[in-house]
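Two complexes are shown next, each including chain A; its partner changes from chain B in the first to chain C in the second.
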Partner chain A sequence: MEELDGEPAVTVIPGVNSKKNQMCFDWGPGEMLVCETSFSKKEKSEMVPSCPFIYIIRKDVDVYSQILRKLFNESHGIFLGLQRIDEELTGKSRKSQLVRVSKNYRSVIRACMEEMHQVAIAAKDPASGRQFSSQVSILSAMELIWNLCEILFIEVAPAGHLLLHLLDWVRLHVCEVDSLSADVLGSENPSNHDSFWNLPGNTQTLTELELKWQHWHEECERYLQDSTFATNPHLESLLKIMLGDEAALLEQKELLSNWYHFLVTRLLYSNPTVKPIDLHYYAQSSLDLFLGGESSPEPLDNILLAAFEFDIHQVIKECSIALSNWWFVAHLTDLLDHCKLLQSHNLYFGSNMREFLLLEYASGLFAHPSLWQLGVDYFDYCPKLGRVSLELHIERIPLNTEQKALKVLRICEQRQMTEQVRSICKILAMKAVRNNRLGSALSWSIRAKDAAFATLVSDRFLRDYCERGCFSDLDLIDNLGPAMMLSDRLTFLGKYREFHRMYGEKRFADAASLLLSLMTSGIAPRSFWMTLLTDALPLLEQKQVIFSAEQTYELMQCLEDLTSRRPVRGESDIQQLQDEDIETTKVEMLRLALARNLARAIIREGSLEGS
Partner chain B sequence: MEEIYVKFVSQKISKTRWRPLPPGSLQTVETFATESWDNEESYVSPWSIGDFGNLDSDGGFEGDHQLLCDIRHHGDVMDLQFFDQERIVTASSTGYVTVFLHHPNNQTLSVNQQWTTAHYHPGPGSPSHSGAPCAAVVCNNPEIVTVGEHGRINLFKADHKEAIRTIDNADSSTFHAVTFLQTPEILTVNSIGQLKTWNFRQQGNEPSHILSLTSDRVPLHCHVVATGGQDGILSIWDVRQGTMPVSLLKAHEAEMWEPTVLRLKYFLSENVLTRFLFQELGLSEGRTLSAP
Partner chain C sequence: MDYYGTRLATCSSDRSVKIFDVRNGGQILIADLRGHEGPVWQVAWAHPMYGNILASCSYDRKVIIWREENGTWEKSHEHAGHDSSVNSVCWAPHDYGLILACGSSDGAISLLTYTGEGQWEVKKINNAHTIGCNAVSWAPAVVPGSLIDQPSGQKPNYIKRFASGGCDNLIKLWKEEEDGQWKEEQKLEAHSDWVRDVAWAPSIGLPTSTIASCSQDGRVFIWTCDDASGNTWSPKLLHKFNDVVWHVSWSITANILAVSGGDNKVHTHSPHHSHLPR
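Then we have the complex of A and B:
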């Protein structure tokens, strides 16, 4: 493990006295829970009263900013577009696409900067105004770094073009106009200047350019040697600047806002056709000269220096430490990975750097009540651990309405995450059961294809029926369709209801066979048999004979099985037979009815038809 | 090509509604309201399009939609409807039904009326703690009908403190949406794909008719209803026929939530019906409904 580069920052939690009492904490996906314990630090045995609150500590507060939300949303779209770029594309067309993506990211950062700047100006109290302004400068720094990375790593500008890009880069980020170069452009030797600056679309080769520049440079040197401008000190110092004299440049330090401005200006006059690999030498010395030993480099300076040295890993590492959330490093690393610039640098826990950063970023999104939907897509594009991370996170999204639940379920179903579908449906079904919404619970267990839960709910339905004497939620039970087959108990519920319907429609023969089959097939729970037999009574008492002799024998068998407490057909032996309180009068009535029906049935079956 | 104006609002918006125009008016609609959900705080916001009096060279309205004002809302806003020119009714995930009044003079919104016990789960504990989400709301001045995820239908009248009529356990699964067919009839859609019509003039708590993929023929008024499903399939029902949907169209990639009743008086023949329907819904392929 690497050592820490610096001391971690200390965050003070109001109300907690860490000197007096020990604290305890626990990590969550994006947050930490902290509270004071009752254990004193000094004497282990003494318990002292402590702060009664539990604190939630969040590191990433940016995710709750209204304006930064735009950054997250827009960059999500750009990220998806990048992943879908055809892998087959190579060479120039691929590079131009990647550069376009990079510019898109930067324009989103700029847009947020603009908006935040407006808000900072309009802020009513100075404290929030300051906060917004500091956010603006952070965004500005991010764009500065990204822009440089684009020039060096993505655009991969060759010598010649490199300086032009760097000039644009500095111009974009320095508030004041580069008055020096403006002056030079307007000064002597315009013809040489013109041809020099016609680089874009120019067909000159690098060598031709170098020669031209050398020629011009020597001319300037000659002027200096000859003291042509000795009479005018301003023009002389201008000449020195044009020759790239560092001392002369540094004299104009107030006009140069920072060391990279100094660097580019210096390169402009001393080595405009600088090669990328030589940049770092100039960068280091420019930084040293500019700071002049008075101040030490800031984090931003180190990041830029690392970029000039083409040390991508160092850039990412420094940015991760300096910035407060993972947005920047995650997206930049992903883009650089698409440029095939990151070696597969395996970390200790089995994923590469790009994936690690994306996972961290997406996890942070899931901590937000609304932005979780963006996180889903990021997990999709993490091949090793994305799916399993999504599975863990998506189960923990709080579901307070069915609409939200259906959205989450759709995401799971699209990705064939059947376990999560089942788990979420079960949560919703339990909620419904607790609120006494049995129909809703049943439809959720059907959706989850959860046979066990369907059995549980069906049992509740049947119990309610026994207590109240009527069914609830008929609109659901009557329309189960093939879902009825999910569990035996559910099938029984559906069929039993069908029996009632048939009876209501006076289809007695069908109702009778159905009733009998419910018992003989074994899907009717034993506890329900008495009810079923009692339901048979009115059928037995009808004027016409409904149950045939054969059927009557079977009914009698069922009754005997029930009363003698023998193991019933189809019943599992493991189940303990509960003590059933069978009313003897009911049994007697049944026996009588069955006997009478048997008699009539035998007579009817024995007689000739029509006689 | 017409210009499209995009504005980023940093909230998830689930419904937008145009403000109804006063009857007999020839103006084009200028104001709409949006509501947000799935955030720590939810808002109801009316917007106005077109800078009044600012026309560009083509004579069209230039530029942006302006936020007129907004107001915090308790719980996610599940549905939103304009009750009349000034009042907006919202259905909340906490079970509250709220009427907001928009004051055009000083551009503010205020709570005009609120029914806090409109939807809740009965059982131990006070209603306010076990509120059930109110799934949808529909208005027909002066009546307001709300349906909840827990299967209850409420009929309110503006300015009346209590509900005029409540039907509990109207549905065993959850209601998703409601719409007026003709007063006093409403049509509800639930999560297992059944359409039920209810008549408030009738006594009793049973629906007048139930339509689903398996029910029988039911004679009804001449109306065509379109409903959207979770898989993005749009079903067109002819309530006269009352059996299966007449036509199924693939319209969207994701869920659609509301039934739309297309009143027959706008249509003269099946062909006109088809064209109007597809214009309304912005679909490109043409299909014809089969003759009944």
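Then we have the complex of A and C:
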């Protein structure tokens, strides 16, 4: 059967001798743990107790860099702005908006680069200094690539303007990296070509420019032919350069820092009105000539070449391989997608390149304790798999503080992720119960609409009340409102508390009715009836008659119900006998109080009013 | 690793189960659980909504469920219903409640359901695989029909399914019937030696179901079923290794499958994007 897998990349874990020992692994929410085991097929495993190291393998370590965090945060804002650009916008205004977005991204990269550069200089030990410097180079390469993509794909500079943009591009990157002031080939020409091109507000047509240039070029050629400058070899070679002679240019190789500098210079002198589609030919040959067969192209070179060939997919692919995190490809691809440049490249799932990259990037953000919030927005803008990815990731965020839990819940509620809300509330309710924070547990189970759990917590409340004689979290119970209906036990809890309130406010008649109804309606658990009847005692003992005759009959019925169901006890120990004694005394007291109340009630009801 | 990636449980042939706190790259031993009388083969964390619960299974034919109460870990329940080594334990999706599937060398699979108050109900599937069962893996919870907000207290009717791999070289898919009994729904044949591990991929909302399996024969297969068509599972060979493959596992969004085998390496594969760099 044909295999799906290609050549896999190998990640070597330092310290693990893969020749000797078997590794075991497990997935975490965002990373993988790998551990060496003592299992080895060839040798007999020694029964040596050891605590081998556990290695954490992460893809997106950059998430943890302080400086890059700014990059992530600010680009997040730019990303959102881009998504919200009016789809109706077309033509020039749309293009200018997109270019602006691209420039914003680039300025963010540059700012980051600048900061990292400062840190690199200030670094105390050379190793970390080198690390920061290499980060700076990576960022610089990213900006270089992005800039070129902006010129070729977003700005879509036509012939004429194209070279101008490329000149700026080279000047920006070459001159800053080198900081060589003596860049003869670069700086010699501004005066020449500035006036030549008449920028800005260039009103010449391409043909006019071409003609002018042709004229100038021919003039130079004539000077060369006539050996006008034969006496001065420098001037002669300068003339050759100005004619775009490659050999002459290459002689000045040390001043040209790289092949694309060479390319642009060459184009300036040999074909300044180069058309975009012809670029790749010059690019390839410039690269070949510059390297001269001594060295081979680096990844960056290949990326730039792909760009010159207008092969966007290749650019993205190569960048994905070369860079260590998805930030760059995700944002660039998203922008290019907005420029409607990506073909609908259907991958296995039916999602597309843009979405795939954004999903990978956002998943990486979830590994970070606070950057995950940025990830949420990225998932929002992935129409196919964003929601389900968010659902899977958001449940795995450790809810160490109440604040964080509330934040996560708000995000889920805003997106109607009811399952996740329920699950998270249940987890929090559980935690609260274990920490004996019943009020908190109750409010979480209400939010989760979890009847079973609400019942459990209510039971705990009632048990607490029995043990301590008072309620905790009165505020919560008093203000349950319609949430009370969630579970019978909860309703009972709420009503029971209401009974106590009424009693406290001396609304005895209402309290009495409520108490009775709790038993007769069946809401009160049988185990609690004794307590309720005992609560009735003070009402029965009041000077005025509170329970009516009928109510008293019902109470008596409840008492009989309760006592008749008492299981017959066999051999019992001292404690049980004592308990039974107390029970019997209570029942006796109740019977007496009920009987007395009945008598008084009958008399009262039988008498005429006022007599 | 637990749900949040903050804790790690390890098991060993020294009969212990250890729990580590792995936050911020640290490794602090929190608990050393003793209770098994033989090498412990696998551990599994339950969903955090049930508290901190860990299950372990061992050569000693027992399954132990451990629970953390007030900061200390204790044995909460022991299941000794198998006649030989229990090789694999897997918790069901939390939507079904607290249910644990256990696969054993006696060929049987037992399902433990928590019914409250420290009680566990046991259902056993005898002779699930001749010679022995090596791995169990639950299918992700999928609610059939429309998801109307169910009145509290009522559980929606989930169709519970799981996959098992055995020494009969087969992968079997099991479904719970309406009467609560488990029935063999499918048999997946492709391996030529003992199936060592099965892993049902998490759901990403697509109509396809995916299962990965690996075997003593060195092969790793990815099985897909297009739910629209019904019950046809088609295997694709992911890779043939030169040695036994012990373990396969999906990342939480099912975009990467990790495989560990006799060549002492861990391979990661993105089955859906084989043409993109990984």
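Points to keep in mind about this one:
In the analysis below, the second predicted complex is superposed on the first by the 465 of 611 C-alpha atoms of A that agree within 3 Å, B and C clash if a C-alpha of one lies under 4 Å from a C-alpha of the other, contacts with A are read in each partner's own complex, and residues count from 1 in each chain.
By definition in this document, a contact is a pair of C-beta atoms (placed from the backbone, for glycine too) under 8 Å apart; a residue touches a chain by one contact, two chains touch by 3 or more.
Since the model is a prediction, treat every value here as computed from it, not as a measurement.
Once the two complexes are laid over each other on the shared chain, residue contacts for A:His313 go to neither chain B nor chain C. Taking chain A as the reference, the larger set of touched residues comes from C, when chain B and chain C are compared. Of the two partner chains placed by superposition, A:Lys275 touches none, neither chain B nor chain C.
In the overlay built on the shared chain, the residue A:Lys404 is in contact with chain B alone; chain C does not reach it. Once the two complexes are overlaid on the shared chain, A:Ser370 sits against chain B while remaining clear of chain C. Residue contacts after overlaying the shared chain place A:Arg437 against chain B, while chain C stays out of touching range.
After overlaying the two complexes on the shared chain, residue contacts for A:Ala452 are found with chain C alone; chain B is out of touch. In the superposition on chain A, A:Ile67 makes contact with chain B only, while chain C stays out of contact range.
In the superposed pair of complexes, A:Asn479 makes contact with chain B only, with no contact to chain C.
Shared interface residues of chain A, touching chain B in one complex and chain C in the other, do not exist.
Across the complex, chain B is touched by residues 64, 66-67, 69-70, 73-74, 369-370, 400-404, 406-407, 410, 435-440, 442-443, 472-476, 479, 481 of chain A.
Taken in their complex, chain A has these residues touching chain C: 1-6, 8-10, 18-35, 41, 47, 49, 53-54, 56, 317, 320-321, 347-350, 356, 359-360, 363, 385, 387-389, 392-393, 395-398, 418-419, 423, 426-427, 430, 434, 449-452, 486-487. Of all residues in chain B, those touching chain A in their complex are 8, 10-12, 38-40, 76, 78, 93, 121-123, 130, 132-133, 135, 149-151, 169, 171-174, 191-192, 194, 196, 210, 212, 214, 230, 254-255, 257.
Across the complex, chain C meets chain A through its residues 1, 3-6, 8, 10, 14, 20, 22, 25, 27, 47-51, 69-70, 94-95, 149, 152-153, 202-206, 222, 236-240, 246-247, 249-253, 255, 258, 260, 262, 264-269, 271-274, 276-278.
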